[in-house]
Amino acid sequence: MSLPADDNAVFDLMQKELYAPVLGDILDKLGFRQQTMAARLRPIYAEAVVVGRAMTMLGIEVHKVPEHPYCLCIESLDRLQSGEVPVITAGNAQSAAFWGELLATATRARGGRGAIVDAYTRDVNHLIRMQFPCFATGIRPTDSLGRIDVVDYGVPVQCGDVLVNPGDIIFADYDGVVVLPTAVWREVVEQALDKMRGETMVREELRSGISLKEVFTKYGIL
Amino acid sequence: MSLPADDNAVFDLMQKELYAPVLGDILDKLGFRQQTMAARLRPIYAEAVVVGRAMTMLGIEVHKVPEHPYCLCIESLDRLQSGEVPVITAGNAQSAAFWGELLATATRARGGRGAIVDAYTRDVNHLIRMQFPCFATGIRPTDSLGRIDVVDYGVPVQCGDVLVNPGDIIFADYDGVVVLPTAVWREVVEQALDKMRGETMVREELRSGISLKEVFTKYGIL
Amino acid sequence: MSLPADDNAVFDLMQKELYAPVLGDILDKLGFRQQTMAARLRPIYAEAVVVGRAMTMLGIEVHKVPEHPYCLCIESLDRLQSGEVPVITAGNAQSAAFWGELLATATRARGGRGAIVDAYTRDVNHLIRMQFPCFATGIRPTDSLGRIDVVDYGVPVQCGDVLVNPGDIIFADYDGVVVLPTAVWREVVEQALDKMRGETMVREELRSGISLKEVFTKYGIL
Amino acid sequence: MSLPADDNAVFDLMQKELYAPVLGDILDKLGFRQQTMAARLRPIYAEAVVVGRAMTMLGIEVHKVPEHPYCLCIESLDRLQSGEVPVITAGNAQSAAFWGELLATATRARGGRGAIVDAYTRDVNHLIRMQFPCFATGIRPTDSLGRIDVVDYGVPVQCGDVLVNPGDIIFADYDGVVVLPTAVWREVVEQALDKMRGETMVREELRSGISLKEVFTKYGIL
Amino acid sequence: MSLPADDNAVFDLMQKELYAPVLGDILDKLGFRQQTMAARLRPIYAEAVVVGRAMTMLGIEVHKVPEHPYCLCIESLDRLQSGEVPVITAGNAQSAAFWGELLATATRARGGRGAIVDAYTRDVNHLIRMQFPCFATGIRPTDSLGRIDVVDYGVPVQCGDVLVNPGDIIFADYDGVVVLPTAVWREVVEQALDKMRGETMVREELRSGISLKEVFTKYGIL
Amino acid sequence: MSLPADDNAVFDLMQKELYAPVLGDILDKLGFRQQTMAARLRPIYAEAVVVGRAMTMLGIEVHKVPEHPYCLCIESLDRLQSGEVPVITAGNAQSAAFWGELLATATRARGGRGAIVDAYTRDVNHLIRMQFPCFATGIRPTDSLGRIDVVDYGVPVQCGDVLVNPGDIIFADYDGVVVLPTAVWREVVEQALDKMRGETMVREELRSGISLKEVFTKYGIL
């Protein structure tokens, strides 16, 4: 199967057809075995799906209000490109929310496709109302001002225990977040679309009561 | 804007108009920066909102059934006043649920407006059916008898990592739990109602695609 | 009250009439005080209920793809009996999902009544669509192949911090998971059905505003 | 071998001849498999050994200075009997030290034989200089006043994850803390003294290079 | 008692006469109740004592080797003044050691009096040989290059859960680390020297077997 | 510098000349950045040093005494070769000690050079008396029988968060544990011996008070 040339079109196709586990399985097969984020990142609503290119931000817990508040956070989001997804990490900071409605509104206005936040978010009811797909590790009503600062962006970050490089492809659904390295992402998508057909057959066979042993011998997947 | 004199009327207004982050922001601005509870406290249903005065209870993990079971728990709830909210802590006890349907029923019968439990609850389907708003750290079906005792009430407690004094005002919604000290709570509410208007304008501007930098320069909020 | 002789009929009755806390209370009363699983095991959808006999599996985190993939996992599920429930533990392994759609499909085809997984699951949207009741500690899209192996089954396991023997009766609902030892399970069910009537009266009394003290003195339950 | 009738004489004998693992092994053999405390309890100096009868204290984290400071702590230690050992738990309180030099001095003056503290201690250099054997989970210089209160004593407590009843026999050395239930403690000590002879032979054989398999077949211990 | 005017002379006096708990007690008495660091900070050798002025550094976990390695770390230490103590935090980074022999050598060459590291150190045998007093949360042999960067210094930091401002006075011994705010530190030292005399009397009385109750009534300390 | 051909002779040289951080630094330089174990593994006495080839064992927490106790543990140690080091992992099992005196005695009798245990040990005083170098995560007096079983050996294991393949070279000293992959270990040792000379010069320069900036510019190491 040949994919559309336009990345955003592929993202739309992925959003419609794929789910996280099958992408993880193909990455495993190709030898990329550290590409699924830790279970602590959860979607803020059940149907949230994020597909897009990572724009990374690196945050840190601080203890004073900075001279130029939100400085690099503002700068990085003001440069966000269509099809990108903020991928944010904050070194386990639990004192505040690192994401919220206004950042989401700005992200969407620039064509951003969601956010992956290895930290807390807030304004969750607003985010749900906007249907802004956001994955985070928890919810706290506390502002980040004087608690979390962005110290860099567009650099490799560890998010959900996965090393994310700027430009990596993110796929996130109810099963979790998968990171597709730039060099292989189209191959992964192609093989994933193929694998899903095999799984349908396996499912049918199992439903009919055939043993797992026979099914696994025949199809080699489980 | 002038608030009603009656506390319960203000609580109703807060419940209708406000949400947790804006209260946290105003408290920050006034220098009260430790007033939002840890993210481990979550509502048992999405729409749960609690507004009221804290009636604190201090629990402890024990390992025998006491001579007078539930003694101080019963005493404190039997004295609960209308407009109050049990705010309960149990020193990280994970062996049992510290809250449940019967306590909720008694709380409601006395005009209690919900419960904030830095511990587990049970009977959650019943609580949801009653639409009793409860924030807790988890769910376990285990009775507290012989596992958690109340050793004091009406004293300062650390709940969700916030120091709560009896009589503090609690506001809890899907974004989390905020504690308003008695001395400033009406001022906080007034300023929060004001701030919400500003946020609406910021939201509109951001939606139109204006840069975060301009918006922040103009409105000073994010 | 006399229970049906057929176990599956009793399971159906339990599923319709009982809930987890009342079973925990009766077990407490009979001196079995370690029978409710830790709060980290949560249902993947709110209405999930599991009642059945435990078929235990013991997993371990590994770091190579085994010669015979999924070997004991396949063997144990291919021998699953109607009315059984896989009860799975994996020593805190967080690197992969230990459960998923295909295992659930095979389980259901053999009459299995759900799964209790002290580990992660995946394919959650599929599981929900199947209405396959599953309790797990989290969700991650990662395959278990080369990450978690089954090393034994049909042996005592520690699941959710409860010692589960093969054949123990599992009851799990939104409040959590309870384990009924084989020797007493029918007695527990009978007494639980009785206790539920008492609770209805207590609830009515409390709703009418009577004090907790009077109610507890009169009924001895809370 | 017959033990002295006087308990304190047996304690002295234990202190001279036994070590923790052999006591744990005998308890295992007799079916008491939950009698060794968690590894977080460590001696404050390498040679510290505690043997004596448990006098239990139950503490709790608090957030105000009480009306009668240290009240039950003072009362319980003033009643301490010769041969007893304070066994203290504080529900994971990490805000202060629950033990220190003055309490140790009072304990020693009454014939107390050390302290087992599932919490922090302070004044450690003084305690070492006194050669007061103390097992604790950490060291912090902070006073307990207004941070940890004793709420009960002489009751069953969970210390180091072991249920300790008042009067149980404590044995603690560099390998950790073992709790001997009153009903069997003399039998355990007798069998432990026997087992130590067997271990000496096993050790000799292994040193000579004989296989573990032969040794285990021959002696049945490892 | 009147202290020397020269700070370094007072530091020497403190090092010779005082210990951490008595400083913590005086701070408590004056209402500064959050000034003792968490128990995870431990000295690398038993006799290590640090007294001096805090020079704060703020680190962060990173995932690429920076363009200018060790840049702000070098800059801050090259500006270190005699009598100062690096107080370092790294947001729970556990991937590398943030301190080591070469930094200690440079610190000592400038008159630095030790280091307080809320992170890991390495080169511990060298540090001990130098008798460089260092408090850290653990030991790992891993270089910080490409793992931890300094992003700021001379700013307020949270170290061991205490807010440390540049210039605060640090006192650390085997019992832990205490932070004396600039405004009160000389008063705290004076009162601490006084209190130590009272404790000697209490100790004597307790040793003689007098009850804790009498002692506490008479001296008001414990 | 050319190393001896005999591995054991190189191990002796390493033990005499090298320390863990310099090996970690060379591995970093060669691109092997995940080779130092987590800080939870600590030596049981300060001078303990282990150098040798990894013989891996994979353990698991269990809840019944197995039919053939200690079976694979015995088998693996009876096959141990001179120069090897048991490298043991147990999936975070904290219920028992996985290492002890008798296993150490057997290991030494076969020419084993120590043990790396990502789990607890016991019999620590005996191990110290034997001067058997052992790295472990904690100490507990509890036997592994019926608590931890070996399920495999001679397979890749995750120990201290590092993937260890059988035959990898282990170097462990007070700074922690480093794993040298078979393919590069001799190159790493050669470069490490070289680097140590450079560090001596840097140390001298820093001691003389020269700035870190100059030193780093000149030598490129820190």
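Some points to look at:
Letters A, B, C, D, E and F mark the chains in the order given here, with residues in each chain numbered from 1 onward.
Operating definition for what follows: contacts are C-beta pairs under 8 Å (C-beta built on N, C-alpha and C of every residue); 3 or more make two chains touch, one makes a residue touch a chain.
In this text, all values refer to a predicted model and were calculated from it rather than measured experimentally.
When the partners of subunit B are compared with those of subunit F, the chains appearing in both lists are C, D. Under half of the residue numbers at the subunit B-subunit C interface are used by both copies of the sequence. In this assembly, A is the chain whose CA centroid lies farthest from the centroid of subunit D.
Centroid analysis (C-alpha atoms only) places F farthest from subunit B. Averaged C-alpha coordinates put the centre of subunit E at 31 Å from the centre of subunit F.
In this assembly, the C-alpha centroid of subunit A lies 37 Å from the C-alpha centroid of subunit F. As a whole-number value, the distance joining the C-alpha centres of subunit B and subunit D reads 41 Å. Touching of two or more other chains is recorded for no residue of subunit E. In terms of which chains touch, the assembly is arranged in some other way, matching none of the line, ring, star or all-to-all patterns.
Interchain contacts (touch definition given at top) occur between A-B, A-C, A-E, B-C, B-D, C-F, D-E, D-F, E-F. The touching residues of subunit E, counted against subunit D in their complex, run 19-21, 23-25, 28, 33, 36, 38-40, 42, 173-178, 199, 202-203, 206-209, 211-213, 215-216, 221-222. Residue ranges of subunit A in contact with subunit B, taken from their complex: 69-70, 73-75, 77-78, 94, 97, 100-103, 105-106, 108-110, 120, 122-125, 138-143, 145-146. For subunit A in complex with subunit E, the residues that touch the partner chain are 58, 60-64, 91-93, 151, 155-158, 163.
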